[in-house]
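One chain, chain A, appears in both complexes that follow, with chain B as partner in the first and chain C in the second.
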Partner chain A sequence: MNTIRLANIRRSLGFGALLLVVLLAVNLYLNPARFHPAAWGTLIGLAAPLIGAALASTPVILSGRGGIDISVGPLMGFVNAIIIQTLFLKGGVESPFVIVPVALLVGAGIGAINGFLTTIVRIQPIVATLGTYLVLTGITLTIVPAPIGPAPQWIKAFAGPLSIIPLAVIFLAWWLIRRLPYYDLLMAIGSDDRAAYTAGVDVTRVRFAAYVITGVFAGMAGLMLTALIGSADPNIGQTYTLISIAAVALGGVSLAGGRGGLIGAAIGAIDIFLLQSVLTAFNVSTYVLQVAYGAILVAAVVLTAVQERANRRERNA
Partner chain B sequence: MVSAITLHARNLVLRPGGQPLNQTIRPGEIVGLAGLDGHGQERFLEVLAGLHTPHAGEVRLERGGQQTVITSFRRAVDNGITYLPRDRRATGIFPTQSVLDNFAISTVGKDARFGILSFRNRRKRYEGFRERLSINAPRPDAPITTLSGGNQQKVLLARALALEPDMLLLNDPTRGVDVATRHVLYDVFRGLAREGMGLVVLSSEIEEILVLCNRVLVFRDFELAAEMSGDAMTTETVIAAMFGRAA
Partner chain C sequence: MIKLRTWLASTNGRIFGAFLIAAALHLAGTLMIPGYSSPFAIRAMLVIASLLAVASIGQTLVVILGGIDLSIPFIIGFANVVAAQLYGDGWNFIVVCLLVSLMALAIGAFNGFVSRRLDIHPLIVTLGVGMVVQGCVLLWTAGFPSGSAPAAVSAFVSIGGSAGPLPVPWLVPSLVVLATLIILIMARSPYGRRLYALGSNPGAAPLALIDPVRMWTITFALSAFFAAVAGVLLLGFTGSAYGDVGQPYLFQTIAAVVVGGAALVGGRGNYLGTIAGVLVLTEINTLLIGLGFQPAAVQAALGLIIVALVSLYGRERHVRSTI
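Entry: the complex of A and B
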């Protein structure tokens, strides 16, 4: 039992985990002060929104049939704007017991809209969520045309080492989901939705729920983003979109669905963050950074495919 | 427990211009579907399962005097009809999942204790079917692709039976399955029929239908060409009907 499970974990993490070790070593060598264990809390705080965005992107991708949600980034920005501008600055609401539920509910609502468009209206996920992406970006700019602050004290407290808490909450939620019958259904429709359908699985409902879960996680990531920047900024959210999908792919989550998990996605996100650090240490421009992301992403997808082919051969042998 | 249901096909037309057909599938009988490939027998089975809307007519399900029209696959599943697809690789197994997960996917809710999955319970359910169908799978947690075709098919049958269906629709269930396994499956099918389950078996092999079925429906050009049972059901008569010749 355990050897097979271990082999599965190794297979699913594979390349991303290897890259993580290499990048961590390179970073430690180049920049010992910044990567001193005492500074890891700060580092996690910096990486948290990206990790959150990658985690949020994962459930819909697992659900298969081109499932993808490119509105995760703008949704984070939208949550950020609503919390700071609408609730805190205009409404005077500061209590976490209002702000956190609102953030998660907004996420769930947008997730439900995405789910409705893709599973019931049956628009291709990338087109449907591109629509949501544009609409959310526009609304966010209407709410906060320019960066504005500050944020409530308690949110800013989650910027440093404490940013591990919202991440832990997402992992805990996923750990619970994995223990529900729902998880099996999600992986099954991601693996082969026609087979799942003929096996009697309600594919539409399972996939719809995946979009809602992604929305809720994105709401949480929006809170992490707010904690990090300590203000509202209409232009940051979108930047997380493509990079989080790159992180997911890097983390061994198959973009075809049904394979991978949150741990892989988190590792992929940390990879990207570490890559940023390495390149920044070399003082390269942000344009080169973009080139590096793209190259890494393509390499990751190719390597995953090569690895999968090798695994399949191994299995058939 | 199997509770008796009867399927009525009423004035069913499978293709524009076709002759309407009327059939009743009763509890406890095994009905064979034969025909040259692509002559409507598969379409008929899919219509019974609610996977395909017929050109005209309807399929009614009767349970204890109550009648329900089968309008969709979901409704068929909810009413105790289970369909086992033909193309095992494309629409049957989940190649990335384990034997156990492949078995349980239709019935994941049954493993939940207070909403949380109990893997011990799933394992126990699986072991019951493994014995009954003599599935030869050393490790339930290994990928299903490590099993032989016959054993994969048994796992799919276990999946279908775990739904506790009252009517089983089988689309060429022994395709690519070795002879020994076939006979195990035949015994299982006969046992299910004795318990009162109705079975509809589409088969590309006439021998199989002769060995297994009480009667056979032969299709030609998306119409019911012949219906035979008992002594009238022989290789020659079935082949003659398949090719549209009077026997």
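Entry: the complex of A and C
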């Protein structure tokens, strides 16, 4: 029983987990000071927005039928702009008890719009969220035409010693969701929505909820982004779009839906972060960084696919 | 009424709808903005639309196959910079074009082969390969591409140019010929029939002796090839090399294909639709900029309009009707 479970975990994490171990070792060797336990808070704070973006992208991808949300990055930027410009600088609101709920509600709202467009209007997800992507980027640039600061003091603490907390909250939320029947329905429609529909699952509603969850997580990721940059910047959010989807794929989440989970997505994101870190330690140019990014991404998905094939053959034999 | 609705939901109906919207947008622009229909403005719009149309050929083919190609903007930038650089180093331009095309075909073939053979989502493969390609170009040029386009290419795409008696540069009539060829090939040739067959039913097509891996390899190679053509044409249009010149084309090609009535799940759509989509996008862009919107507002409005248009006639089927 236990070995089967272990094998399952190994299979679902695949190449991403192996890469994580290797990269972590290389990083520790190259730059022990940066990875010293005393610096973990800052380190996690640096990686948090990317991890958050990857976690946020996962629920909709799990829901299948081309489910994808490319508006996660711009949504993070939008939340960042609303918090700093509208609430803090213009409205004078500083209390976390207002700012955090607003960020999550904005996320849920945009997630609901995406969900409405993809499940009820039934526009192909990549097109619908491309629409939200463009609208959010445009609005963010109108609210905050140029980078502006500062941020409330308390939020900056979440880029330092408290940086693990927002990520822990997301994982806790997901852990609770996994305890609900909803999770099984989500994975069922992700693997085969037609079969799930004939079995009586309300496919539209389950998928809609996945978009809302993604929105809320993205709102949280927006808070992490705000903590890290300590200001409002209209041009940072959208840079997370493609890299977070890459992280999700690297973490063994199937873009066809129904396979993978948040841990895999987080591992994929940490892989990308550690890779950045290694290449920076070698002091290479950002161009090499980009080549390495792309090459490792392709290599990782190829190796994962090859491994999966081998596993399937093993099971059939 | 019901007949009309079924027809509007068909591919031809969607394409007709898209052309109608482009015409309506043009009419609105002419009424609201003085000089919107002036010969120069129309010429500019036709050239910009033609460039987008070339870049969207590959996306159309790939989407009908049931895939997606995110490497198009990177290949455009790659062709743009490499062509300028090599030409600037004194190479013969024909040789440069051949070399760039061959490299693009190879990159595209890799995309298609890996995606299909190993069953990996093309989104990830094309994105990763695109990043590698762009990184290599940046490394090679150290981030500062040099060189320029030969005069012939510039004249071919110049807004002020003319093609014989026609008051448009050669790009526009050439695109019309190319488009006709592509539409014919897609509708009449064995390749076209295989493309639609594989896109509408990937499970059944191999039983009809269609080799999926071969089709994906060929189609993605074609996609990269046309992206490279767009890159070289853009070199003539802007005059100097710029690695990020293709970036706006990432989402625009997808939007054009979808507004033109193709379904991203494959098997539906055609290049005439994409051309209608290209016209709609170009009209919207020109109209909003002409009305004095800031670039940020233009982008937001573009997003709203894409969603509104697609919800009008690009809706997917409900799960219950797919069983």
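The rule we apply is simple: the second predicted complex is superposed on the first by the 316 of 317 C-alpha atoms of A that agree within 3 Å, B and C clash if a C-alpha of one lies under 4 Å from a C-alpha of the other, contacts with A are read in each partner's own complex, and residues count from 1 in each chain.
FYI, contacts are C-beta pairs under 8 Å (C-beta built on N, C-alpha and C of every residue); 3 or more make two chains touch, one makes a residue touch a chain.
Because the structure is a prediction, the values reported are computed rather than measured.
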| item | value |
| --- | --- |
| Fit or clash - chain C, chain B, common chain A | fit |
| Chain C versus chain B, contacts on chain A by residue | C |
| Contacts of A:198 with chain B and chain C, given as first, second, both or neither | both |
| Touching partner for A:62 - first (chain B), second (chain C), both, neither | neither |
| First, second, both or neither for A:186, with chain B first and chain C second | neither |
| First, second, both or neither for A:104, with chain B first and chain C second | neither |
| Partner chain(s) touched by A:117 [first = chain B, second = chain C, both, neither] | second |
| Chain B versus chain C as contact partner of A:212, first or second or both or neither | neither |
| Partner chain(s) touched by A:134 [first = chain B, second = chain C, both, neither] | second |
| Chain C, chain A and chain B - angle at the middle CA centre, rounded to the nearest 10 degrees | 80 |
| Which superposed partner A:255 touches (first chain B, second chain C, both, neither) | second |
| Closest Cα approach, chain C to chain B, once both complexes are overlaid on chain A (Å) | 6 |
| Chain B/chain C common contact set on chain A | 194, 197-198 |
| Chain A residues touching chain B - in the complex, by the definition given at the top | 1, 4-5, 179-185, 187-188, 191-192, 194-202, 258-259, 315-316 |
| In the complex with chain C, residue positions of chain A that touch it | 66, 68, 117, 121-124, 126-128, 130-139, 141-142, 145, 193-194, 197-198, 203-204, 242, 245-246, 249, 254-256, 285, 287-295, 297-298, 301-302, 305-306, 309 |
| Chain A-touching residues of chain C, taken from the complex the two chains share | 68, 70, 114, 118-121, 123-125, 127-136, 138-139, 142-143, 251, 254-255, 258, 263-265, 294-304, 306-307, 310-311, 314-320, 322-323 |
| Interface residues, chain B side, partner chain A - complex | 51, 73-74, 77, 82-83, 85, 90-97, 101, 104-106, 108-109, 111-112, 115-117, 139, 141-143, 145-146, 159, 163 |
